[in-house]
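Two complexes are shown next, each including subunit A; its partner changes from subunit B in the first to subunit C in the second.
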Partner chain A sequence: MNENSGWANKVLYLAGVVAMVILARDINVIARLPQEAQQGAIFKIIFFHVPVAITAMIAAAVALIASVLFLITRNFRYDALAVAVTEVGLAFLAANLVTGSIWGRIIWGQWWAWDARLTSALVCWILYAAYLMLRRAVEEPTQRATFAAVWSIFSFIDVPIVIFSIKWWRTQHPQPVFWGGGSFPPDWTAVFLWNMLALVLIATVMTVVRLRQEDAQRELDSLRRTAHAM
Partner chain B sequence: MHLSSIPILFAQMASPDDIVREAARLQRNYEYLSYGLTVAWVILVIYVLLMVSRERKLRREIASLKAMLEDRQKA
Partner chain C sequence: MGFLRQVMVVAVKDLRAELRTKEALNGALAFALVILLLFAFAFDPTGDTTREISGGLLWIVFAFAGTLILNRSFARELPNDCLDALIAAPISGAALFLGKAIANYVLLLAVELVSLPVFGIFYSVRWTQQLPELLLVLLLGTWALTVLGTMTSALTVNIRLREVMLPMLTYPVLVPALMGAMQLTMTLIAGTPINAENVMWLKMLAGFDLIYTAVSLVLVETVLVG
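Moving on to the complex of A and B:
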């Protein structure tokens, strides 16, 4: 292990620890916040549901940029970044869908509604899951990276639909708090932003770890080719 | 009559059934909040565990292939 990767590891672990400390503190603070007047305690799920959604959308945007850069440069580092960030984003989007469904069970009396926001978010999850399945189906590395990059760019079309669906159509999903005319008390906003920061940090650490696994996978493929050639 | 006395009046008028129902609603609210947060964390923890297992598998395979290649070179 060289000196640079030693430092990189330390920074990575430090970022992970900082994120976990912030989250532990936030869980304590959120538990002490008063209940929301209309919805009661279940409203507090917003402190997790929205940040994981925003993190997943950021991951999709990074995957789009990496995919475009791969198609332009043919540099496999961008392909590795795209797959790493897509996988992490998928896990966060799954957490978003599940927390939303549980909130809906209490507030709407049903686990799921086929409205524009929920449906487009589910389609988004399926599109990015298909991206990962596509990668497994294609053997040849250059072909795999090219097909995957094109699919990732296509999948991103759904991301603005997910974000703006609540503005474009009448949905059962509520309007957003921050750009839908609602507001948070200042101390609630601070907790929300800290939670957001912690979750983005966790997603970044996960992406870097996953990126290293892609490097290891490439080393393994190269060793296999050498073994076959001998 | 002051407006602030309305909730007190309501509380006095509410039947024991209403109070029990409201307590059950609050309880259910907290239960589902805890389910939501638990399930979300479980998803992320499962993903981390999958990453750890993949990392171990990759390291094992790389080590065994390197050992095999060294053996072949010696032979």
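Moving on to the complex of A and C:
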């Protein structure tokens, strides 16, 4: 049974190509935009930094829903969705950390600062990396899916508490204001939203590819079990 | 048997087993003292800055030493299939979990209460200034560590690299509670009482304890039975 053919595959490729095209066009537009007054060229990293952060948050939410649904229905497709979307989310969160770090190096002069957002992002990254480590450590598939689902729920509940407490921690140790607020020019919002769309599309394509890997893995496992039984 | 009675039976059993051998207790205590010693080499033990951050260091000591006790919590049931027997027993997973959590809590508190005077002596810190509040922070913070650690202990009891996975899973989730406990301990040791500025940490700590106790009680049956 070859599932990698037919219209689903074509839609997937199309989505990927569309995302690439949008990104290419966006980069072109962004490069031509006038420089921001206070920060210069580096401000444009916001076109990537914020969308990947939002995508990562969406990924975490989808992982939670998939985990809860797995525990309720015991359907392994939900487990596959949980791991796929967590891996993609982790990659996007890493991109968030790296772009934030680059921005910080230019603006603050240092690669890292313990400000509220970077610290929260780091803790959330470690949280979900631990989820993936847990999956590695459990060999039996049902047990792995169950434990991972439980841990995904624990991790997701922690995310708002982490963000809140780190923000409180940082307001108690005020830092100099690094950039004076400022508003986002309205005609830039369109590019921002297109970029958001492109990145969400990329995340979706990556998740579907990973989902297919999980399906193939499950099929392999069942074939192996059949072979052992015979 | 009522739920609370079941919890007490499990807790007393665990405490009795531990107090007879005192393996985990001694190990955790020794480990705590060693870390306190090592920190003295890492920072200037008599410096003012060290005294300021010492509250935070204290919780690192508790977290690390606590792992030894928490790890043993479910691991001690592995030989002779005791874990299977417990799971098959006519008590709910939540009762088993809560009983073990309470036993761990008592053991952890014992280690902490012994470490506290030693810490005060080594770092010349007067920790008795806001004693009731400090004890409250100790109680709340230790419960956060206990409830998460016992849950993780149940999760990791049968998997590879158990000793590595328990801290790896517990500490990231514990970050807000650790942060709150550290902040409060630092200010209380410095002599500042709980005021409008830092009562937020106390509320957050209490909320964290409540949320994770509730979630753990609901999900532990799934973890233990599958």
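Observations
The definition used in the following text is that the second predicted complex is superposed on the first by the 201 of 230 C-alpha atoms of A that agree within 3 Å, B and C clash if a C-alpha of one lies under 4 Å from a C-alpha of the other, contacts with A are read in each partner's own complex, and residues count from 1 in each chain.
Just so it is clear, a contact is a pair of C-beta atoms (placed from the backbone, for glycine too) under 8 Å apart; a residue touches a chain by one contact, two chains touch by 3 or more.
Just so it is clear, the structure is predicted and the values come from calculations on it, not from any experiment.
Once the two complexes are overlaid on the shared chain, A:Lys10 sits clear of subunit B and of subunit C alike. When the shared chain is aligned, subunit B comes close enough to touch A:Phe48, but subunit C does not. Once the two complexes are laid over each other on the shared chain, residue contacts for A:Ala216 go to subunit B alone; subunit C is not touched.
By the touch criterion defined above, A:Arg225 lies against neither subunit B nor subunit C after alignment on the C-alpha atoms of chain A. Legend: residue contacts after superposition of the two complexes on their common chain; A:Phe147 is shown touching subunit C, with no touch to subunit B. Looking at the shared chain after the overlay, A:Trp103 reaches subunit B, while subunit C stays out of its contact range. Contacts of A:Ile166 after superposition on the shared chain: subunit C is touched, whereas subunit B is not. Within the complex formed with subunit B, the subunit A residues making contact are 35, 39-42, 44-45, 48-49, 52, 87-88, 91-92, 94-95, 98-99, 102-103, 105-106, 202, 206, 209-210, 213, 216-217, 219-220, 223-224, 226-227, 230.
Subunit A makes touch with subunit C in their complex at residues 71, 123, 126-127, 130, 133-134, 137-139, 142-143, 146-147, 150-151, 153-155, 157-158, 161-162, 164-166, 168-169, 172. Against subunit A, the residues of subunit C that register as touching in their complex are 151, 155-156, 158-161, 165, 168-169, 172-173, 175-176, 179-180, 183, 197, 200-201, 204, 207-208, 211-212, 215, 219, 222-223, 226. Looking at the complex, you find that subunit B touches subunit A at residues 25-26, 28-30, 32-33, 35-37, 39-41, 43-44, 47-48, 51, 54-55, 58-59, 61-62, 65-66, 68-69, 72.
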